[in-house]
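You will see two complexes here that share chain A, one where it goes with chain B and one where it goes with chain C.
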Partner chain A sequence: MDKVMSNKWVIALYVLPSLLIIMGIIYIPIVLTGYYGLMEWDGVSAMTFIGLENYTTLFNDSAFWSSVSHSFLFAVLSTVSLGVYLLVALVLSGNIKGANLLRKIYLIPMLLSSVAIAQLWLKIYHPTNGILNSALESLGIQDPPAWLAEPSLVLYALFVPILWQFAGFYILIYYAALKNIPTTLIEAARIDGATPWQIAFKIKLPLIAEVFKVTIVLAVVGSLKYFDLIYVMTDGGPNGASEVMASYMYHKAFRGFDFGYGSAIGFFLLIICLVATWIIRRMTASKDNIQYS
Partner chain B sequence: MIRKALTTFTLLAVLLVSLAACSSGGNNGSSSPADNSGSGSGGSADAEKVTIKMMHLWPDGSNSSQNKLVKQIIMEYEEANPGVTIKTEVLENEQYKNKLKVLSASNSLPDVGFTWAAGFLEPYVKGNLFAPLDDLLEGDLNGQFVAGTTEAYAIDGKTYALPVELNIVPVFYNKAIFEKHNLEAPKTYEEFEHVVKTLRENGVTPVALGAKDAWTGSFWYMYLADRLGGPDLLDESIANQTFQDPKLIEAAKLAQELVDMDAFVKGFNGLSNEEAKSEFMNEQAAMYAMGTWEVPNYTTAEDVDQAFKDKIGFFKFPVMEGGEGSLNNWVGGPGVGLFVAENSPVKEQAKDFVSFFVQKWGEKSVTEAGIFPATKVDTSAIDLPPMFIDLLNELNNADKVTLYVDVQMKPVASEEHHNQIQALFGKAVTPEEFAKKHEEVLKAGK
Partner chain C sequence: MSTLNSVTTVKQPAVGRSAAGTRIGYGLLYLVLLIAAVAQILPLVWLFLFSLKNNQEVFNLPPFSLPASPKWENYVTVWQQGSIGRYFMNSVSITLISVVLTILLASFVTFAITRMRWKLSAVVLGLFMIGLMIPVHSTLIPLFILFQKLGMTDSHSSIILSYTAFNLPITIMILLGFYYTLPREVEEAAVMDGCSVNRIFFQIILPMTSSVLVTAAIINMIYNWNEFIFVNTFISTDTLKTLTVGVQNFVGQYTTDWGAIGATLMISILPILIMFMVLSNRIVEGIAAGSVKG
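On to the complex of A and B.
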């Protein structure tokens, strides 16, 4: 067994297929995207090399920067909502009645496709016939807003379904992590007279800190490249009020036939995600790993 | 034991990988000669097997009548030309556009497919991907098209696609709602404003508009610009890459005045065209400016209630006092057109099919699918609901059909036009800013 597995050729043989696939569908396209970003290219006819012109345009493109700010708003909101998910997971893991059922209920939105969720929420937000505005009107509110048509509201209106969509995912991660904490620790604490709050904040949370860090990265990077729900619900509108980086890239490349510029945006998006990940890792890096056992 | 199993597995894996490599090599080997034979025989013999690949954008679910008609024409063609097989691939509009772009990047377009006019077409022509079809226009199809329709597909004097649809944009209205409030179809802009005000005062939504799909708002702006500034204002502005004509700014002001009058359905900037359309179909809005492709819904469509169909009429966008545009100017244009791929191995056969398709389509599309073809229709010879006849006659009497500006503009400018339309109707920009942004993007020439 050891003999076969330590043979370098065998190792290479096993690694090779996935290496090729990853190279072929991830790394090579990334390099190509960077390359296309240096071109003036409409996606159809021949490319011409224009150096960094796409990037200088990008840095002066106010529409792009507003899409960046929208993406970062989503990232911040998602990170904040992680706290809420964590609270729910704490309650669920505390052996309350019906925890199992509740966990499944939270998970259901995750099983729906984004397009289905988008369609559902489009109906909810419909300015005259939607249940949200019908409910508001029946509560006596005159002229409730048209949620997806108001530039100042549309981002927050879009964030609600996103929050709803990913709740189950993060709650599940936290739940699993919390369930992984040895019961002996919690019992010991209880015997020593710790209150439930103390158990939660002094024992459980420090023990799942690593998981929490991972979810922050997931939430931030996921928000920065978020696309599908926005594409279906508002298509970046009205007038770019809900444009995020990924949808802006799509519009420039596929609607505006400007694949060079689109590639530049895509490449820049990648860099932003990498930098964000790196910063988060740095900020949350702890010197020592907490372990109680 | 385990070691043995592992070695066997490893060996097996090696075998599988090499097998896969072989088989893919085999595929390449067998497919290329087939292609070659196809290109060799393309023009000459029908007896040999020729396969024409075609892509269209009418799925059975959403556009069943077009879908059926395409199938029918293909069947007839295959019968008339034994040995020719036509393989179709169907995608919904937006996906169709994306796939076309992806395929063109890898130079593997279908032999025959649909394209849009002017701005959409240009990159493909520049990239040498579409074949010129002038020989068909001078041959079999000479004089068959409504005047001025194929020009939208011409670049540098060559025509690269043949239109199968021609639509204009009337304002459809609900006669029952109008009668209830003692209103008549407006002939002048003042009357139109009166209609809007009266309807609003009585709690009826005057106009259904789904400006999330910004091209629908563009119709309104185009009409305002035409009625104010005359038939050539928009065309010339775009051709000369300028947008500073005071009439264009004035038209933008009028558009915002309509918004201030609450002419459009609530939240229109967040509604898609489909959602707006359902407001009109459910009689929650009184007017709807939309292309003549909607006419089947008001005449022949089986799933629409007859009582509703009887209530729907249309009027021409009203004229303005002191404006230069006449009542018989229309916003509209050819829809999609058929192209033949330049590097198609079966180019001649594909052209022959396109010619056949256009003719058959012209004969049948109005009666069988309710589509206005770009080829001439003899209205006296066919039996159709009056709305069709009226609109076909309007088409024949039109002084001018201004091609949709988002089609006229190049892709980047077209995108910006869409954004600016939403901004204008959402009152996020002033009319002056609206014009300035257009000027900038037109000047950029992308």
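On to the complex of A and C.
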């Protein structure tokens, strides 16, 4: 048995192809991003080593920092909205009629491509014929704003389709976790005279705390690297008002042909995502993990 | 004991009121849930309606009205004029090849990690799991340069390789849980009978995992079908683009023709919507299982 199941040739045959693929497509490029970040390079002619110059430029680049702040605004908004999703999931998991259908309906936008969602919401926000402004006008509001052209509104206007896209995903995760709680536990609490609110906040929520922590990481890291929808809807505009880290990197590299600087931004994005994951994990780590079987 | 008693006696009279209160509360909550469901669906209904209108009808009729005669010809026009059919076939072939490749490779790796004995298995598993945390954008520039040097930009092979690499970690993660639950006796008996590892994998284990493979395949399909940035960066020839990216360019040409844009978007989302109607339980299960990739 042991001899057959530890055959080195078979293991190599099974594992090496995949390992080579992730090395070539994920890990080597990550190292190269760090390396290119130390170069001045337009992607075509020879590279020049300039040390940390890209990073000092990055540090003083106010356009970059405003893109960072926009990414973090999305991260904060997404994290806050998790609370709402959790409430919806709590209600949904409480033996409500049609809960299964409802959670499927919530999920539909998540299955669509960000491009299709972005194109659809461009139409919704269309200043004159969009459904939003026609609705506002029929309610008697004169001159509703051109949502995506207002620097002060554009980030919030972009957040709505993001919310629309991912709400069902988080609700589904929470719903699945809540349904996993053994009913005997809830029954015992009910017999002891716990109110529905007490059951929800004192029993159910602590039991799905682990899942909640995972979703915070997902929401934050997902927001920090958010790209597609913004690229299609505003392309960072108007005048950089909705630029985020990934779109800034894309513009510098593939429009400005500054591959060295673009790589420095890409490397910074990687570091920020890893550090954010680590910090959230540390902050939410608890010594007394509640377990049940 | 006395406090317990007093609590119950104080509570008794309140039960009637609180039950009614709870019912009203639940009614309100239910209403909120329904409104949320409508909010999720309404934009798509509106999209469908304006895909059947001409500009005059879009601008002059109320948004949720039906046009006098539905302009199904919008669909015919966009299908005939652009390369939508081409994009569609590209999306189908790229998605299918990537999914089959990813599922097969991930099964090999998961089998080797969970069923076979070797020293570095934990390290290798770690490498795949760390891959879950790497943002695609941080690899984009070197990948573009790499594929350019290998002459692979503007070909589907660069896209398929990228999809496979970035979906392997999540697929392995979904498979792992299932592989751990398979009883060891299965291979023990097979080894006794003189089975080779290859036969154990292909003829015994792989068929046993078919249900989780379907779940993993669905997740892979949704991600690949909707992927944007790789295709947008690596592919420049129009006829090689996928539906997601092609639609983006195509819509750009029709900025003022709402019906055509609506029809294009409907065509691009219809396959996923149909798949969802047929396989919704599987998809829900798959997304819950693969929730680590946001």
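As a working rule, the second predicted complex is superposed on the first by the 274 of 293 C-alpha atoms of A that agree within 3 Å, B and C clash if a C-alpha of one lies under 4 Å from a C-alpha of the other, contacts with A are read in each partner's own complex, and residues count from 1 in each chain.
The rule is simple: contacts are C-beta pairs under 8 Å (C-beta built on N, C-alpha and C of every residue); 3 or more make two chains touch, one makes a residue touch a chain.
Worth saying up front: this structure is predicted, and the values here are computed from it rather than measured.
A.B. asks: Chain B versus chain C on the shared chain A, clash or fit?
C.D. replies: Superposition check on chain A flags a clash between chain B and chain C.
A.B. asks: Once the shared chain is lined up, is A:Ile26 touching chain B (first), chain C (second), both, or neither of them?
C.D. replies: Second partner only.
A.B. asks: Name the contact category of A:Phe159: first (chain B only), second (chain C only), both, or neither.
C.D. replies: In the superposition, A:Phe159 touches no partner, neither chain B nor chain C.
A.B. asks: Have a look at where A:Phe254 lands relative to chain B and chain C in the superposition and call it first, second, both or neither.
C.D. replies: The answer is both, since A:Phe254 touches chain B and chain C.
A.B. asks: Which holds for A:Val4: it touches chain B only (first), chain C only (second), both, or neither?
C.D. replies: both
A.B. asks: Give one of first, second, both or neither to describe whether A:Pro17 is in contact with chain B, with chain C, with both, or with none.
C.D. replies: Both chain B and chain C are touched by A:Pro17.
A.B. asks: Please work out whether A:Gly43 is in contact with chain B alone, chain C alone, both, or neither, and reply first, second, both or neither.
C.D. replies: After superposition on chain A, A:Gly43 lies in contact with both partners, chain B and chain C.
A.B. asks: Check the contacts made with chain A and report whether chain B or chain C touches more of its residues.
C.D. replies: Touched residues of chain A are more numerous for C.
A.B. asks: A:Phe267 contacts which: chain B (first), chain C (second), both, neither?
C.D. replies: second
A.B. asks: Just checking: does A:Asn239 make contact with chain B only, chain C only, both, or neither of them? Give me first, second, both or neither.
C.D. replies: first
A.B. asks: By the touch definition above, which chain A residues appear in both interfaces, chain B in one complex and chain C in the other?
C.D. replies: Comparing the two interfaces on chain A, one with chain B and one with chain C, the shared residues are 1, 4-5, 10, 13-14, 17, 43, 254, 259.
A.B. asks: Would you tell me which residues of chain C are touching chain A in their complex?
C.D. replies: 7-8, 11, 22, 26, 29-30, 32-34, 36-37, 39-41, 43-44, 46-47, 50, 58-59, 62-63, 105-106, 108-109, 111-113, 115-118, 124, 127-128, 131, 133-146, 161-162, 164-166, 168-169, 187-188, 191-192, 196-198, 201, 222, 225-229, 233, 244-245, 247-248, 251, 258, 261-262, 265, 268-269, 272-273, 276, 280, 283-284, 287-288, 291-292, 294
A.B. asks: Tell me, which parts of chain A touch chain C in their complex?
C.D. replies: Against chain C, the touching part of chain A is residues 1-2, 4-8, 10-11, 13-15, 17-19, 21-22, 24-30, 32-33, 36, 43, 88, 91-92, 96, 102-116, 119-121, 123-124, 129, 131, 134-135, 164, 166-169, 172-173, 176, 193, 196, 214-215, 218-219, 221-222, 224-225, 227-228, 231-232, 246, 249-250, 253-254, 259, 262-263, 266-267, 269-270, 273-274, 277.
A.B. asks: Under the stated contact criterion, what part of chain A meets chain B in this complex?
C.D. replies: 1, 3-5, 10, 13-14, 17, 42-46, 122, 125-128, 146-151, 154, 234-235, 237-241, 251-252, 254-259
A.B. asks: Name, in rising order, each residue of chain B that touches chain A in their complex.
C.D. replies: 2-3, 6-7, 10, 13-14, 17, 97-98, 101, 104-105, 123-124, 126-129, 211-212, 214, 265-271, 275, 279, 284, 410-412, 414-415, 419-420, 422-423, 426, 428-429, 446
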